[in-house]
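The following blocks contain the structures, represented as structure tokens.
Both complexes below contain chain A, partnered by chain B and then by chain C.
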Partner chain A sequence: MPKDVVSVPLPRKPRPTNVIVNGTRLDGRGPEEFRPIFLSTGVIPQASGSVYAELDKTKLMVGIYGPRPSDRWHGFSEEGHLDCDVKMAPFSGGQRTKWGQSPEEREMAGLLGVAVEAGVQRSAFPKATVDVQCLVLEAGGGELAVAVAAASLALADAAIPMRDLITSCTVSRVDNQLLLDATSDEAFQEDGSVLLAMMPSLNQVTQLLVKGAWSGGELDEAIQLGMTGCAEMDGICRQVLQEAIAPP
Partner chain B sequence: MGFRSDGSVLAVESCRAVLAEAPSPFQDSGFVCVGDRIETDVSEGFLRGHGTYVIDGVLYASVCGLKERVNKLISVRPLKQRYAAEIGDVVVGRVTEVAGKRWRVDLKSRQDAALMLSAVNLPGGIQRRRTMEDELNMRLVFEEGDLISAEVQSLHADGQINLQTRSSKYGRLVGGQLVEVPATLIKRQKFHFHHLEDLGVDMIVGCNGGVWVGPHDAHKSADTQDGGHGREEAVLVMPTMPSFTPQQRGKAARVANAVRVLAILYLPVHSASIQDTCQAAMQLDLGAADMLKLPFIQHLAEQEVQRRQQDEMQAD
Partner chain C sequence: MDPKGEVGGSLEADAFRKLYPHQFYANFLAKHTRPDGRALMQARPVSVTPNAVSSADSSATAKLGDSAAIAGVKLEVAVPAEESPDEGHLAVAVEMAPMSSPDVRPGRPGEAAQCLAEQVSSILASSDVIPRQQLCIEQGRACWVVYLDIIVLNADGSLLDACLLAAWAALRSLRLPSVILTADGNVEPCDDLPQTSSAAAPEGVWAGRMLQLESQPVAQSCAMMGGKLISDCTAEEERLADTIIIIIVDGRGNLLGLIKAGGTAEAGDMIMQQCIEAAKLRQQDLCRLLEDQLSAATLS
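Let's look at the complex of A and B:
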């Protein structure tokens, strides 16, 4: 492409300033409700395991490849590696992004790795690597939380030994009101957020990311809300796996 | 998934749904999910099998799949998984690298397998120490990209797989085609090398999901029959493509497509099921290409359902 062609930036839609109107959210949800969840396994035929996840306007795909022999530079390791990679599609946000991996993508990949790795039994595949590749098709808020849940579902689909399914959700605080599973508009107005990833059957937390200033009691409340959210997500994930193996 | 030749993935899904309705050969073994607690008989005790782990004396599943119990041993078998090697398995793999004193072979497993120079028959068939010269001439035996059949000789704790081809029935495969199916579909059996006499086709059902099918090579089988001794010069000759007639190739294609159809329907792949599928196609007077089309897939699915129903009636 010639260099003198300048791409015209899309006009950015103004963000709504009031995301809570008369106690309900803009999309009509209550404060402790998820967006409609759609999960589907086995969507990438060449992958060992794969998931397409959609929470209203957040859409992403996760593919699991491997286990395959680790690259030489990893050296010998009795525990397998988990290689996480997150890619935001250039058209995923309102603005077209530049070529190459952005710092946000790198950060998300790191956080995804920490959240998922804690649940995977890495000793089951020594000297081998499992690739977790996440492609965000549309960023409508809470991409990381959806990516964690989708990645663990995809790992289960690929029959990688795990201790438990890992589910995840976000809790945002907007105008002193706690909102489960915030959209990007809500997250834009938040003054604090909590991302919680956990293994609900074992009742263990694998990732907790807190942003903003929280008082002890408030944070406690937010984590409790996150835990109920994770449990709800876990039920849905298990149903999806059950249906994938035995159609109803 | 991955089935496109008819442009109707959904229709194939409907065939699978027909199969799912049929009585399952897996009775009373329930489905468990990752992290599910597996009930165990406390008084009897239990042994932890594959796909499970223990915390504080409680057994949990670490993969999703069907629960299996053999006496005290409890394991969970996932529906699809990469090939896990066992000693003595016949495998079909591809040489990916020629390294010092060993070939690296891709078995579609968790790790590449190693075929040591000391674990192959040298051209000429004599037993002796492997010299530097042998090491330099390794490419005369197997090259990168060669398809080979081999046997799993040993497994190590770190997951390393060692192969051997120390019999003339193993070695480079030429003049046929490879069909890759999920390794979980293949059952370990007494024989993995087959000569389908009525079709004139040779078949190797590799435990790792590689099924090699080629027209019967009379010259090669003469080698095999003399017990792997003498006539080893045949191995030394660089791969000359045996010449086969179109009819012979057509028959091999028929067998290969039978394997593909079984994989599409996720049915077990072994010599009996492959031969049955070929026969079913022959009865319907279908060509090799028609075996991958929807009517035949539907026919097979219905046949399988009938068979299972009969089995169930007999069991009652």
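Let's look at the complex of A and C:
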């Protein structure tokens, strides 16, 4: 294609304005239900660990390489290093995006690193690096939360020593109603959101991102819902790991 | 047997494979077989899944053994170029996801990825493969721009074969939507016309349609190793090969491309003929496989 062609996308279909109809959500879920969760380990045979994660229209892959020498200079450290990278496929969202790291990808990579790092025993691989590489194939909402859970599962698949699995979920507030695991259409209508990443067995939170104005009681309620969600996700992750080790 | 089903999974064999890979392979090739149990010219199992991602206008994943690629199409509109007012545009990009191989690091695309992108786009850009007149909405005023992005998810050899298969499957399942071209030159989406109305489309409406593609281009990677010809190489085999030969053919028996990348072995007439014959057979196999998958996808 010639370089000087200027193309524009077609106007998008408007997003639905009412995402809760008679107490149920557009995809038929109750307010405290996850989308159907599909997780699969070992999808990239040559990586140390890998996961394909699908929550309805959110689809992503995580590959783990290492521990190995880093190609970047990190300075001396007794502890190992965790390098996170997030890429969005050009066709993953509404409008085509170009390759090359966007600010959103950089932010997501940073947040993913912080959320996962707390659970990894970095002293087990001093001076080495573990690369966590995430590719979002389709962004249907809650990519960061899914990426955190998938990355921790992939790290476990790579047999990287960890303190616990890290699971994550989002809680959105739409029309004063708390919704677990919002889709992108629901998130578009939200006036507040909470992203919670935690280690459910240790009952420790590794990341809490709150957006919007919340009253104390309301936030408590949202965090409680998030913790229930994380525990549910944890159960599924553990089942996937067990089945990967000993198929039923 | 190790979990991958390969012969010789013991520790000694693994160490031997790492330390003396050429001798390791020579032992297998002497017996006309390969470490993964394939015959010399036998391909790995292939699978294609159309419509893998719903955010794209069309998409497909292709797997050749462990090699995997996903292709997605995003449509945009533009004004046709002055020298070809009745044609649309096709923009092809290929990327290696950092997770696809231990050698790919995040950041600027590496040499391998750029080389691959150039090969795929030159095949798809060559005449007749994609009839660009079909991408024209109105001559001189509006046309479709097809952005085809291919991502290698797992790089285990014969990547051009996998990328081209994924790309073709995505293009084969591409439906251009119905649009209205307004008087001031804007293109706006509109609902599809009812199938039953045989009357001509209303003024200014461009009826949606499938992209009509004729002959599937297929790439077949072969390699010379220790004087023997093998097909559909894994990444390990590509590293050890003396030379790599890639043949691209279409369904009409035309040769669309031939890549013989340097190397230390020469490939004479006999070898080239053998590769071309293998590629033609492969084209028929993959074509049948893809049509089966596409008709299964439309029925379900």
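What we mean here is this: the second predicted complex is superposed on the first by the 241 of 248 C-alpha atoms of A that agree within 3 Å, B and C clash if a C-alpha of one lies under 4 Å from a C-alpha of the other, contacts with A are read in each partner's own complex, and residues count from 1 in each chain.
The working rule: a contact is a pair of C-beta atoms (placed from the backbone, for glycine too) under 8 Å apart; a residue touches a chain by one contact, two chains touch by 3 or more.
Everything numeric here is computed off the predicted structure, so don't read it as measured data.
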Clash-or-fit label for the pair chain B, chain C on chain A: clash
First (chain B), second (chain C), both or neither touched by A:202: first
Partner chain in contact with A:65 - chain B first, chain C second, else both or neither: second
Partner chain in contact with A:238 - chain B first, chain C second, else both or neither: first
Contacts of A:164 with chain B and chain C, given as first, second, both or neither: first
Touching partner for A:103 - first (chain B), second (chain C), both, neither: neither
Touched partner set for A:137, first chain B, second chain C, both or neither: second
Which superposed partner A:121 touches (first chain B, second chain C, both, neither): first
Touching partner for A:217 - first (chain B), second (chain C), both, neither: neither
Partner, of chain C and chain B, that touches more residues belonging to chain A: C
Touching partner for A:45 - first (chain B), second (chain C), both, neither: both
Superposed model, chain B segment overlapping chain C, candidates 113-121, 149-157, 221-229 or 257-265: 257-265
Intersection of the chain A residues that touch chain B with those that touch chain C: 45-46, 68
Contact footprint of chain A on chain C as seen in their complex: 4, 52-57, 59, 66, 70, 72-79, 81, 89-91, 93, 95, 97-102, 105-106, 109, 145, 147, 149, 151, 153-156, 177, 179, 187-189, 235
Chain A contact footprint on chain B (complex, rising order): 1-2, 17, 20, 31, 33-37, 51, 53, 55, 60, 62-65, 78-82, 110-112, 157-160
Chain C-facing residues of chain A, complex: 1-2, 5-11, 13, 43-47, 50, 57, 59, 61-63, 65, 68, 71, 85, 87, 89-96, 99, 101, 131, 133-135, 137-140
Chain B contact footprint on chain A (complex, rising order): 42, 45-46, 48, 66-69, 76, 78, 121, 124-128, 156-157, 159-165, 199-202, 238, 241-242, 245-247
